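So the structure is just underneath, and the comments pick up after that.
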Amino acid sequence: MELKNKKWTREQFDTIRAEVLTHWATGKDVDMEEAVKFHETIPAKRHFAKRLIKAKKNGETLTQPRAGVALINEHIELLNFLRNEGEADLLPTTIDSYTRQNQYKEAQNGIEESMKAGRSLLNGFPAVNHGVEGVRRVVESVDAPLQVRHGTPDARLLTEITLAAGYTSYEGGGISYNIPYAKSVSLERTIYDWQYCDRLVGIYAEQGVEINREPFGPLTGTLVPPSVSHSVAVIEGLLAAEQGVKNLTLGYGQCGNLIQDVAAIKALEQLAEEYFAKHGYNDCTLTSVFHQWMGGFPQDEAKAFGVISWGAAAAVLSQATKVIVKTPHEALGIPTKEANAQGLRTTKQMINMLKDQPYPMTKEVLDEVEIIKAESRCILDKVFELGQGDYAVGAVRAFEAGVLDVPFAPSKYSLNKILPARDNNGAVRLFDVGNLPFTPELVAFHKDKIDQRAKVEGRSPSFQMVIDDIYAISKGNLVGRPR
Amino acid sequence: MELKNKKWTREQFDTIRAEVLTHWATGKDVDMEEAVKFHETIPAKRHFAKRLIKAKKNGETLTQPRAGVALINEHIELLNFLRNEGEADLLPTTIDSYTRQNQYKEAQNGIEESMKAGRSLLNGFPAVNHGVEGVRRVVESVDAPLQVRHGTPDARLLTEITLAAGYTSYEGGGISYNIPYAKSVSLERTIYDWQYCDRLVGIYAEQGVEINREPFGPLTGTLVPPSVSHSVAVIEGLLAAEQGVKNLTLGYGQCGNLIQDVAAIKALEQLAEEYFAKHGYNDCTLTSVFHQWMGGFPQDEAKAFGVISWGAAAAVLSQATKVIVKTPHEALGIPTKEANAQGLRTTKQMINMLKDQPYPMTKEVLDEVEIIKAESRCILDKVFELGQGDYAVGAVRAFEAGVLDVPFAPSKYSLNKILPARDNNGAVRLFDVGNLPFTPELVAFHKDKIDQRAKVEGRSPSFQMVIDDIYAISKGNLVGRPR
Amino acid sequence: MENKTKVVLGVIGADCHAVGNKILNYAIGAAGFEVINLGVLVPQADFVSAAIETDAQAILVASLYGHGEIDCRGLRERCREAGIENILIYVGGNLVVGKTDFGEVEKKFLDMGYDRVYAPGTLPDVVIKNLQADLEKRGL
Amino acid sequence: MENKTKVVLGVIGADCHAVGNKILNYAIGAAGFEVINLGVLVPQADFVSAAIETDAQAILVASLYGHGEIDCRGLRERCREAGIENILIYVGGNLVVGKTDFGEVEKKFLDMGYDRVYAPGTLPDVVIKNLQADLEKRGL
């Protein structure tokens, strides 16, 4: 395996494919020809890529939940409930954690235990075990655009099966599904394996089947500074485009300060346009996704509704194309379908009340946009340089060097040198910039912001401040002030 | 009775007082001397006026629910629940509707029926029937600042009893508790009777007992343009100050467009300072209250949580001193104590997440502030002129002339000529300005805004548009677009 | 004008909720009925006398504020005593205190002698349809 | 260093939730213990071998992602087989799938042989206090 940011040849793809399809018994039933025919029959209103393009055109912000259970019928029932009772515009299929780790035996065991228990013992839908036919039943039983959402370092077989079954959108990426989700899988490996997934989407595209791809924006979901996740999003977008992906949604997880959140979505859209143009990927449609707060939630449902509402407000005020919705059960467990639908309806209400009130592009917002873009360019251009013009190679080296670094990541391939903390207005800044290749001005900017807060709180910046911020929202605040 | 905006003499007050205290048996137990001594023992943390001053100083936004049941013990239990489980900063005692109409016999009947039924058949706490002793038990059993909230055209006896019992804040006013709450009680009458209430508060003040007064800001709670309610608030404030009130909170009910709502609170505070200074009431402390959406709510609780959260956001972003909180049961019935506490906790979460992020005073906001102030000055100065320098007399004549006019008011003393509707951004404008004494520029401003929306919707402005707006939020939107 | 069917509309008891009343007044009027709108804060007796004076075919009682249970009792008897025993009587709004299962509420008010009981937030069109149907049944 | 009490810490099974693990690692270390932190995605066997190699006094198992029920079964037996039958074992996080009454969950895991079971969102101080108390009881 030699990693290069270069479109795979069909030979390269097919050799590996033959092997991938043997990873689990269900692999042999994948039939791309049949799949392409099936995709051609999917109506626009059920087509993820088409629905997103329409939303972008109309300035809509669409709602999408997370949801997945072990068994097929229960999963279908769940999705239809979220569609009808939750008024969801887009639907997911969240994959269980065994499948995410390619532990298909454990997944099988989970399926059987779930049948016995009469409730789902898996935290998601084990699509590989259910196979093309089983997954196709889901696609045919739900009247909404469907996306696979997971967190799988090696998702090749999962991609083959779910796309063959008729899914029109697929989340993930070689960085965003490794660093937050794995511990010791090399980035070379996952970026390479995700080139396979992107190439597969590209091959479908070459046969006229448009499938939406979405890198996972929020990463660890916990105080990730916009420029860090934006850099990863743009890189994964570029890698996907190189493999022939034509419809991409880039994501960002809410930080909580409205100005920073609105600016982050604007900056993400502008950076993507800029780098896609710069590298000549001009036929790729770009949309954006805003994730409601991805860190620790309050256990009290009433307070959780507040957090959900604020996320909905930021999503619609920043005019993201879609918003991923949390639920009042977030802090405690996988939500019941009722709780999931509640989060969706709260979000719908906010979107409908706010959609007619554009957020003013104030100087504060524009300044924040410039900061985020400047930081991201520092990182992106350094990655490009480290890779001698190759973003794939560059990404691997950048993580080694800490030029790319994700806070609180479990992966040993992330240096974990940077330490984020909130400034006095609750915006996420860097208390330690680690090895991020920022200009002295940007480093000073972060230092000033943190010092300013520390001064107000009468304490010096410390890891305790970071810990206080990690707990803050779950304890009912944004900034973790000292007690 | 001759109405004049002039501080009552003690004789005038005492003669009427002798009669007022005979309206119901419990009147005879009112003992002001004893009351003054009791008030002196109330600690600052339980003192409404003092708590508000502290909040204003610290830039806090305090939470306050509405709550009241028929029986004393149940009422005490309710309030303590909202304090402990709802984390409420300030507590109310909402008075039942019979008492509001001085129908003390019906209230008595309601008390008895409630005892029988084992649940409250009254929509509030019948303080007059419970008398000084009963109400005092509430004051002594609750560890938070307490306010009387009602809607009583003739509240004189209620005021005597609740203040004697130890309440440190009192809502209402001669206009705001007539026009939305009555049908055929003359304004002369209610303004005069409320001068009595204000004078009573003034007499307490003269004995060193500070009691907070709050005119009812939202009026009919339904698409009331800021300048209309602001004018009423400022007039009632001035009338109260003339009678010796030293601590005033002026209110406003959320319209739903954030820019308009933030601007409305700023404008209200500035107008009050301006007119109080202009008329020489310089020793009166002014604070503000923001009411979460007072119109029709969605029946679905998840959607109601969205509306509550948005109200909380607007309250804290506008830096109002306190916010009156709605509940997820709003559309259906008086909330259980649990639902009431939920609304409070959702609001607390929002306040705590947003308090560190001041809303930028953008040009849009500042322009809106100027519009609201300009409109309000047109009305206020015309009222002053009609009253030949007397706001009390002027208010009566202004309502006759439609210079003051409250949309959807039940009172026959309101012309009901103005018709509000939302503009294309959801701000409340006037589709028909009626007889409001606006300048041609202001009239044109409203016309343009409504025409702009009508154009977008491809229909001409009509009463149907008004009706659509009345239903809009309860149906999940802000602007009532044609289906 | 004359030959329009007349209906009496009002908000009963100490209830001042006016917005729904104004909308119902407008919508029912627009639907071709002649509405005698008594507005808010209407005592039982006024509904009855207004119905007799105007020879109305129906009485529409609204109660939003929670005291409906107390305020609405006995209206049917009053009508009987006044000799308009068979007049249609609808009631709607937020009839009882608190969020309550509507089934129970409906039964309670049907037992009080109301012909139709409406859940909170009912839209005018529903009322109008019902009115037309019920009056037709009575050959009006 | 040597004479510090050692505790093994890790997130079991296919679970990658790292934030709580990092905070526990920091807090328990700061409280004077020597933490052998296995991080996330830790198989049962690794907890046992790490405990034996380092002669640890306690194993702290975290499971956030919902599969705790499946992943945590049999750890006590493994310890027994490995001859560290009496080692303290705590477990915490979001142990089962879905919002569940903690009483039931606690019982389930106590029955599996865990010494203490922690509700979602437990703060490190609590754990540390318990550790100190339990170890003291054992004269350590």
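Per-chain residue numbering starts at 1, and chain names A, B, C and D are given in the order in which the chains are listed.
Keep this in mind: a residue touches a chain if its C-beta (ideal position, glycine included) is under 8 Å from a C-beta of that chain, and two chains touch if they have at least 3 such contacts.
In this text the structure is predicted, and so the values were computed from the model without any measurement.
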Touching both chain A and chain D (chains): none
Chain whose mean Cα position lies farthest from chain B: D
Chain C-chain D separation of Cα centroids, rounded to whole Å: 66
Distance between the centres, which are taken as Cα means, of chain C and chain A, whole angstrom: 55
Centre-of-Cα separation between chain B and chain A, whole angstrom: 46
Euclidean distance of C-alpha centroids - chain B vs chain C, Å: 30
Chain contact graph, described as a line, ring, star, complete graph or other shape: line
Pairwise chain contacts under the document criterion: A-B, A-D, B-C
Complex contact set, residues of chain B against chain A: 256-259, 298, 300-303, 305-310, 312-313, 341-350, 352-354, 356-358, 360, 362-364, 424-426, 473, 476-479
In the complex with chain B, residue positions of chain C that touch it: 13-19, 21-23, 26, 39-41, 65-67, 69-70, 94, 96-100, 120-121
Chain C contact footprint on chain B (complex, rising order): 97-98, 100-101, 103, 106, 109-110, 113, 119-123, 151, 180-183, 220, 222, 295-296, 299, 329, 331-336, 339, 408-410, 463, 467, 470, 474
